[in-house]
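Below you'll find a set of structures to go through.
First chain A sits with chain B, and in the next complex the same chain sits with chain C.
So, the complex of A and B:
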């Protein structure tokens, strides 16, 4: 870090940068959530399935986020692990309308939590129970039960219901994440 | 960091390479820096440069390490540094094939390609197309279509060029982008238009009609880009060549109209296209040549060069057309650019009259030492052509060549001169003595082993037949004393030939050779011992068989046979007749056979075509026990070129059998053929023993079926036969797209053209370098002679060619070339008949009203003599 960078960070002018991994099954709304969080002039009009990954950036009040928006399609999920080392935090998105694949989501989550790069780190995980606008959507509590989130003991986690299309619930989640990261760094 | 490198670089001044001693493992270690946040673009840039440098040096990256580095690199997409991003694109392209899971960057690249930064878009498209395969292509198809019609030229060009690369891989998908390409072709940007035209052409090149339509359309509407015009000219001339269209076709008119284009590039392309057309008449050539003439006086060196180079080529075919430019070419002789001057002179040598030769030669010699070897070779070739045209000028040429031979020069240059002198000697008997003298002088101080051995071989061949052979002995023996092993061995062989043919020299040759029996090199010693012993026998037949005419078997074939023999030891001695004979390559006019035993052969001889066939046939159990393969014919087409099924036949001759190999190709994509065989009905007493069908024949995948035939044993003279052939098979219709066949099929047949077996199929060509000796060796035990009148033949040349192709024998002593303005000629032919009997034919031809031919045949077997005479009559 150059002298100028140090100076600005000490003055609090420059925002701290954090890397966040955005994971979850395909069609759960990861890219849509990230798109909503971006400043409105940078938002994309139409969202297409991500192939591989894409890097997006957005800022909250205190932090500057760099998000690795990973593809959720089955054949790309094994590529997630290449980026586990980089993440300071994880956003895990669940389609709360898709009861059928809830087990798959749990399975992927367990694999993630048991990965050597993740297992022993106290890394905050933010869960979005997305698509709560759907009529038959499960509630955040049910989702957390189905995924057995209560078993996660060594990492701070938080679940909030969201509707990425309208942008509801997203800010709440990001604020939680921001607090966690601040607490970790200091 | 880069700056620091630059400075050091400048200080050292020698332009040393900062990347010279890079270690792959160290660089990969450094690449971990990519994982750090925040990213330091300058450092990362430098490391990426190192990686790309290593890749381009041919360093091998294992899949795991490459993948690791690649994924580390993907993190650099976080940075917005332009240079870094573009370096990433380059790295992606370089690593596309060595790393796994490269599709991980697909979304990142599509984002860049559709983004706002124009600098990113073109390179992103190119990188994206490198990592995309057929299955993924559909996912990005929409973006590609948009990019092709993008209004930014660099984006559109990138998309078009990338599509062109994708055509090879997924033709069907790219074909759907024709409309977009069409739109791009009307772009105002010259590059976009050129690339669009290229893509359109490649999408349609298999469909001649569509190409013609496209050309028509664009010739009418006109194009802006000179590059596109050049491309159109090339397409048009290719089309003209394929359709063999006359010069009244609209395509030709188009090319000619381009001669009046305002861009020099287009004008030159058109002129060059016209000039290179086969069967172009002088009248059609005239406008092209006059355009080139204009370019000759252009102030641009590149144009002058192009023009004079093209004229040089035309001068070979149409010297008269170029004569008009002689004045301009004369001016170019003094051009400051030596390449242009050389080409001008060599062109003039081709077009000029006999009287100007002396002057031009003097002019060349004034600067020949200043031009590069490559152009010196061009000069030598021109001289060689000139010698054929004006044989009387050989004095000047020979002098000039010997002077050039004395100058410094590389191997290629010297070889061209030596070849040229040799060809002059062969064409013109008067020059033989002077030529050999020059060559003798040359080998006195020659550093090229290949050339020295070649010349020694020539001396051995030609020297003994000159009036005073003794004067060459000194030159040859000097080699024995002074040179390396290979040259010494060649010199010994040459000496032996003198001893074999000149009785009065024999005692001195023997003395010289006996000295060599103490040589330090095995090969030299062996040769000397062998030749001395052969010569001491004083038998003509031995001399002919072992000294004057070498082995006629193919060397790789001999190697294989001997290897086989050592693997399966048997009581019997090794039989040379089982070794396949050396085939065609020696028939080429210019190549002389260098002595086989130059201690190292220049490159490993690749197994000949025949050896490949032999192995293929030996793999089929039905064809065991036929003995060695004697001869394989050239493929014969049994169908028209564009029919449903294409069948060609190769005739394999064995001692008592023949195998017909039918290579069949199914050109119908909605049919699968099974159990394909060709039924043969012989006209003579040939007996069909066995058919081996091809199991299945898929669309456009060639397959082979075979037929084994026994040759009639009781009548050895029945060598020619006609077979009527019918292809029989089971047809199963199938889906053209998937190739999935129906469950049941039906039998069908297809009539092929008749197949002829002629006497040529029973005879293998063999080159006897010394025909006279071979003739004596075989002896006159079974000699027969007959006289024929060939009424239909008008010239000696025609007669000679007919006989050669009919008998399929090798012309010796260059007797296949008929000297002009003579009305009698002797043709010598040599071959080996099936079963291993040597056959020699001497045919005296006289031209009167038609051609009269006296054929004398000698062989070691009486039947063979009868066969040949019977088939000629």
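So, the complex of A and C:
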């Protein structure tokens, strides 16, 4: 086995299995987004705040995804870091209508980016500036400014505005993420 | 990520425990801690900030509701708010809390931000004499001037104070009186007090979403507890003075405790089933803020101090503050079992105290006039402050923030409070203490006697030394001199240096000579007698001379130095120099 093959198998990519961490503050819409990505017959009707975390698996364009839907509530946020090591990609969801807690979203993102299991890895991060349908929602550009995303130099990242309830904007983001994962494979 | 932007770094150094969520310096909010509340007004888990805005104090009084960083709604208040609370008044679904705004003698209750009920304080007894006088005026039996005089008479003597109408009448100019009487004579006289503070008390359950009674304090020194639904008076209690700050805990039907700071500078503690205060804390200066934390009461006073008391009025500690207190609030974080007292100061700082320990200082851009901590929006640890200039500051406690109990205020080190491992008292020690206790008087006398003897002996020796001028300091008023001698060298040749100083303030000393006395078999000196030049006050005169040791037996002797005055036989000073033994180099 060549060195590169070893590396990819260690990353779990050989078996085309990808672990995605879905992070973000409580009420940002993580579960709603993941629910939208599921096939329509498997979608849940009622979405309640997640307790701890939940795991969703689905296949898309030859890749099999395992999504860790973490709870964003303050008391569960310390669970996040235990999954960093095994994650191959991160989806970070922001409630664009919650201006007050933008600092908290930034603080948690900074903590995430500085974590030893994340800091030196080229792990792709997809940002959803969710709830763009709200009247006083901030634009994706403003959100990326407030979170200082331009400072992320050593990781591929992408931000798109979304409305998880109607499912708008999700496809664009997910396609970007798949491209990134494929690029990592080859 | 290596590059946190500069601006973020700066704020994180200032107080890394708080995130700056929002600051609007021109929010146009003018209020005090008693007039703000955090409440889940719509029952959607998104807490709002409800503010009774005092406006300019004359106009523009408003009830404002903030959601997140923006104003959600505002409605006009008819009068200055003195207090505002949010409370659950019934069990109906959805369980949305009502808002009660106290102003003047009224409580305006809002449900879903719409006026719902107006409670009026019961009117007080009117002085019958006052009533009489007004009815005479009504029938025009007395003219306005006589009415004024009679009212003044009643005001100065009567037990029951005058009504607001009469008091206003007494302030009028004579030409306005007639019209005033005409306007008011047909209305009945009413005497009413006003509300000074308001709080809530759970009815019969301790849950967070339990129904609560309103508790109000009045200018008339009374406390009323109102039924949450019917707004009838459930209970009335009297205080010796007007209440200004109030804290209520417990349940009305079970057991409760009302802690009130009053305008007379005392704190009273009222309990269920006691119409009179149970405990009283007398403060050394007037209270400006009151917070109950667990079983203790923390009061901020006008003298820049913070005191901690037990619920029974025992003083626990005092902390000294760098500036005057503007307002205080409780910081309660039940999820982390953390409680502290927030004290806003006039020097644009907010201090956080846990017991008497200062555990965090927050600098603010303006003086904070109202402060509250709790769940705002969806964030449990939010600190909201409004400032003197009308600004609104929102800070969020970091999830990872930890406060160590170490006192960050300068003061005695912690080591001071560590208990030393003191060994147990021995039998000998106990016996000794007993003996001391029994014979205290005799021991004291013996000690005093010995002390007197010691003093006498000292005095005698001193006098003797003075008489024989044996001291190196001359006490003679005309020649106050000081001398010391230094011997240098290993021998057989020694260098002798005498340092002579005139200690007078301004008078020089003249005609002084020095002579040495020594055993001529042992030592030889080039000059054993020489004159000293005029001694200027204050200067040190070193005088050198050489001594040769003649003996090689390794013995030494004393050389005596006399400072002499021309025409006087007794020396002014005497010094005995103990010469060292010679240490010849054995080559």
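Assume the second predicted complex is superposed on the first by the 170 of 186 C-alpha atoms of A that agree within 3 Å, B and C clash if a C-alpha of one lies under 4 Å from a C-alpha of the other, contacts with A are read in each partner's own complex, and residues count from 1 in each chain.
Just so we're on the same page, a residue touches a chain if its C-beta (ideal position, glycine included) is under 8 Å from a C-beta of that chain, and two chains touch if they have at least 3 such contacts.
Because the structure is a prediction, the values reported are computed rather than measured.
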First, second, both or neither for A:71, with chain B first and chain C second: first
Which of chain B and chain C A:54 touches, first, second, both or neither: first
Contacts of A:100 with chain B and chain C, given as first, second, both or neither: second
Dominant toucher of chain A (residue count), chain B or chain C: C
Partner chain in contact with A:114 - chain B first, chain C second, else both or neither: second
Overlap of chain C and chain B interfaces on chain A (superposed complexes): none
Sites on chain A touched by chain B in the complex: 1, 17, 19, 50-55, 57, 66, 69, 71, 76, 79, 82-83, 85-86
Chain C residues within the chain A interface of the complex: 1-5, 8, 19-22, 68-70, 335, 376-380, 394, 396, 398-400
Interface residues, chain A side, partner chain C - complex: 25-27, 74-75, 77-78, 98-104, 107-108, 110-111, 113-114, 119, 136, 148, 151-153
Residue numbers on chain B that touch chain A, as the complex places them: 35, 37-38, 71, 74-75, 77-78, 101, 103-108, 110-111, 136, 139
